[in-house]
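To keep things simple, chains are lettered A, B, C, D and E as they appear, and every chain counts its residues starting from 1.
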């Protein structure tokens, strides 16, 4: 994807480029539209009232979290296939995983707030909710493995394997509603039988939300990934110094 | 494949010598089953709970057996020699998964029998076939996934706690599928045989996916150990 | 008693460095809570189940933390030096139990909070006092019993599976007492506050008995190791 | 995977750097070892001897530089080198729950060695009937080391890497070890071992001394070093 | 519990038998070691040297015979001997997750040694700043051994039992170790150590040789064995 490794030392001090600035501006604009539309333009739901407005955050974060986890898996696949070369894909995978966990946490948070408003409780033992929680915990475990301080290539391999297995849980979350009878909304976007009836503007706002969060996701991942790249570069520079030190330090001192 | 058999035989030899699964994990699993019943104080422990408890207990026991399977490899760095001699890491993977399968299978047989006795379940006719198929397919799945994750965390500091964290969410679908299918085999009202077989299909797919993933992923995993 | 504090500090120092309980056992415990709810598919998961699940998850986590606490001692035979320097083995016992208590306490606080969110429990007034007392007394009991049994199995081959086997039956009364008292604190219909306090008394007695037993028994235990 | 050596060089290192957790345990090592050579690695504690052996065995990744071992480029695929290499590390690689004999038999089964290979290896290392049938975890430190050496002999690797093989062995076993290493090189294997011992029963083989993660000296074998 | 030695004998063994899992690792050992003596234990692998040290440290039970160590009768209460004894076994007794320095500090805290004791012990064993602040599990084998020795110095035990203390140490550390052992005996401690090394930088101290779980020979120190 993007590698900052080619940048000159001076330019490497920043993680922004024109592309990311464009993405940033677009993200801000779409977000602004979603906020305005969600609060003022779209109608309240006949059954749920104003609480339906949570949907414009809840659903996009869920979908973009899926996107993030899939990105992690794809990047992990590449990283495994080319494991003897660079760590670029591994950095993307890690960055995307972090953002995915963040968004999934937002899904859980908004979902339980919404649940409090509509079901009266923060949590229900429902397949969709439970599998979402599993998915979340799986990626928390993924990040835990990434945090373990070993050789970066080894870490890349281990976490890539985990990411490729973990992504298999997404269909499980998505189809859990079909597999088990469920309290949770069933595909209200696609079939208009659910409690929430979406008019065109609502649908538009929802997808605008998806676009906004996707842009935010891209912006965050690009920056995060470059940041780790820079850290790696610094470590490489640090390695040169460490090698010099190691060579001088012991020679002649012992015996 | 000869290597895989050697590895499996070695693991079972060690099990035979130490009787860890036989003498400790089996009682542990039985205990877990009883503890749950106590903690939840479920008045009429229905069939669905019986089936669920069997697989819950198996799941937790799997963590113990997997940990043990990789502790013997890493305690004195024996895995280094093993991987060097095996040429293909996938052979080691299947060997260890096979040994795990045998141990877990024995465990599940005991637990299912216990559940049938404790909850007064009788299984006959076509239900027996379903039950046997469920046990075999779910146990294979557990063995494959367990071995894979065991390898992921092998040699890591504090792996005892990392293994359940990583493996349990992945094994949760297996748990659910196996529980439901076992319920069907136990003759629960809430689920019919056809549905039970559908779950078995899912378990099979799960096993195949993880078998393939495991044999492919084991090699990069074993490059580790810095 | 200075020795006990040194030992506790050392254990917490290691925990701080590896973040094992913080980063892994806590998520594991949360997972156990969720898994049970799923496997048993309890439609109306009542308050009694909420309380029971908190303590079940704590119980299983205790096994992990205890194992870890003694693995660091035996991995490189550090316990030999420790016991030699401590003069009285009881000091080591209390030091390790103290560190265990601190870690388990943090864990239980998280789990109780999670249970309150997941099951929509609110606790106020005198119930808070009961809840805090239960958590402290049950956690002390777990820490004392856990340390004692951890020492029993320390250095044994395959101790990962032996510990739960030995400790779980002894801890079962604690589990029941803590669950019932927590239920009362959660405001369940099936048990009143007075009853809750009675259970707390029992927990206290349990803790005292095992504290005394532990400090007495730790010394002969450490004589083993042939 | 099977690109065996065509040339006569078993180990070729050029400015090899191995960083462990950011610390350059090897800070640029350059040397070559030919097929059939016997080389002793020396150096103070922490100078990188074990790391060097583990690098050659494919157990730690090369951070920078060139390392070709048994014809395998370690930068490209360090797993491929493993089948060619027999490593005896600071740890013995035994299964504590199996007997000494079962341990050696297991390795023999993996590499296709015969039962007579097993018993001759055990005999060579003075592992008698009683010791052979005792669980490895109950053996004395030296007996465990001997068992690990027996397993190594059975492997008949092309490159032997031994990390302080003399440590823990008694005088008789040390003498036998020296004979075993000579025999291995005579039959075409390459041997690289580390040692802190000052006296060398073995005569003096080529000796490479490490210091601060680099080669400090490389002294050829003294003539007349036959055992 | 505090019946410290009144006599001048630190170790008194008479026909001591130690059976491990039915096998008599010590099959009747008789000897005495006076206060302030330095004694080397020798013998082939598996002859019972480690078992003897572990017996004296109160870690394995005496099966038969008499064993009085630091005034404590091991048949009566082998736990009581522990505070008097500093044991360095085949394993180092370190916490892998703590740094080298933290390990030594922990022992110092237990026995009430000061911070300056810690730093002087570390310095003596050549554990520099970097190594001292590295996690013990990441150190090289020799660095770990040095750390364990530093912890032992800090303990200032009355009886030192060392199982192959030279193994894994480089030449400089071996020399320092010999000085440390001499110093310990000079300050009144008794030292019993095992070794397989043939050359002894230390001069030749009193040497007890074990064979088959019994004392085969007991040779007094050579005169002029000062370091």
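Descriptive notes on the structure:
One rule holds for everything that comes next: contacts are C-beta pairs under 8 Å (C-beta built on N, C-alpha and C of every residue); 3 or more make two chains touch, one makes a residue touch a chain.
None of the values given here were measured: they were computed from a predicted structure.
Compared with chain C, the chain whose C-alpha mean position is the greatest distance off is D.
The interface with the largest number of contacting C-beta pairs joins chains B-C. Greatest Cα centroid separation from chain A: this falls to E. Distance between chain centres (mean CA atoms), chain C to chain D: 46 Å. One inter-chain figure worth recording: chain A and chain E are separated by 56 Å, centre to centre, where each centre is the mean of the chain's CA atoms.
With centres set at the average Cα position, the gap from chain A to chain C is 35 Å. Chain B has residues 18, 157, 162, 165, 169, 172, 223, 225-226 in contact with two or more other chains. Shown for chain A are the residues that touch two or more other chains, namely 134, 137, 140-141, 144, 150-151, 153-154, 254-255. Residue positions 20-21, 96-97, 170-172 of chain E are each in touch with at least two other chains. Interface residues of chain A, counted against chain C in their complex, comprise 112, 120-123, 125, 130, 133-134, 137, 140-141, 144, 147. Only residues 3, 6, 10, 13-14, 17-18, 72, 75-78, 80-87, 89, 219, 222-223, 225-226 of chain C touch chain E when the two sit together in their complex. Within the complex formed with chain D, the residues of chain A that make contact are 84, 149-151, 153-154, 235, 238-239, 242-243, 246-251, 254-255. The residues of chain E lying in touch with chain D in their complex are 20-21, 23, 43-46, 50, 90, 131, 138-143, 145-146, 163-164, 167-174, 196-199. The touching residues of chain A, when paired with chain B in their complex, are 80, 83, 131, 134-135, 137-138, 140-142, 144-145, 148, 150-151, 153-154, 157-158, 160-162, 164-166, 168-169, 172.
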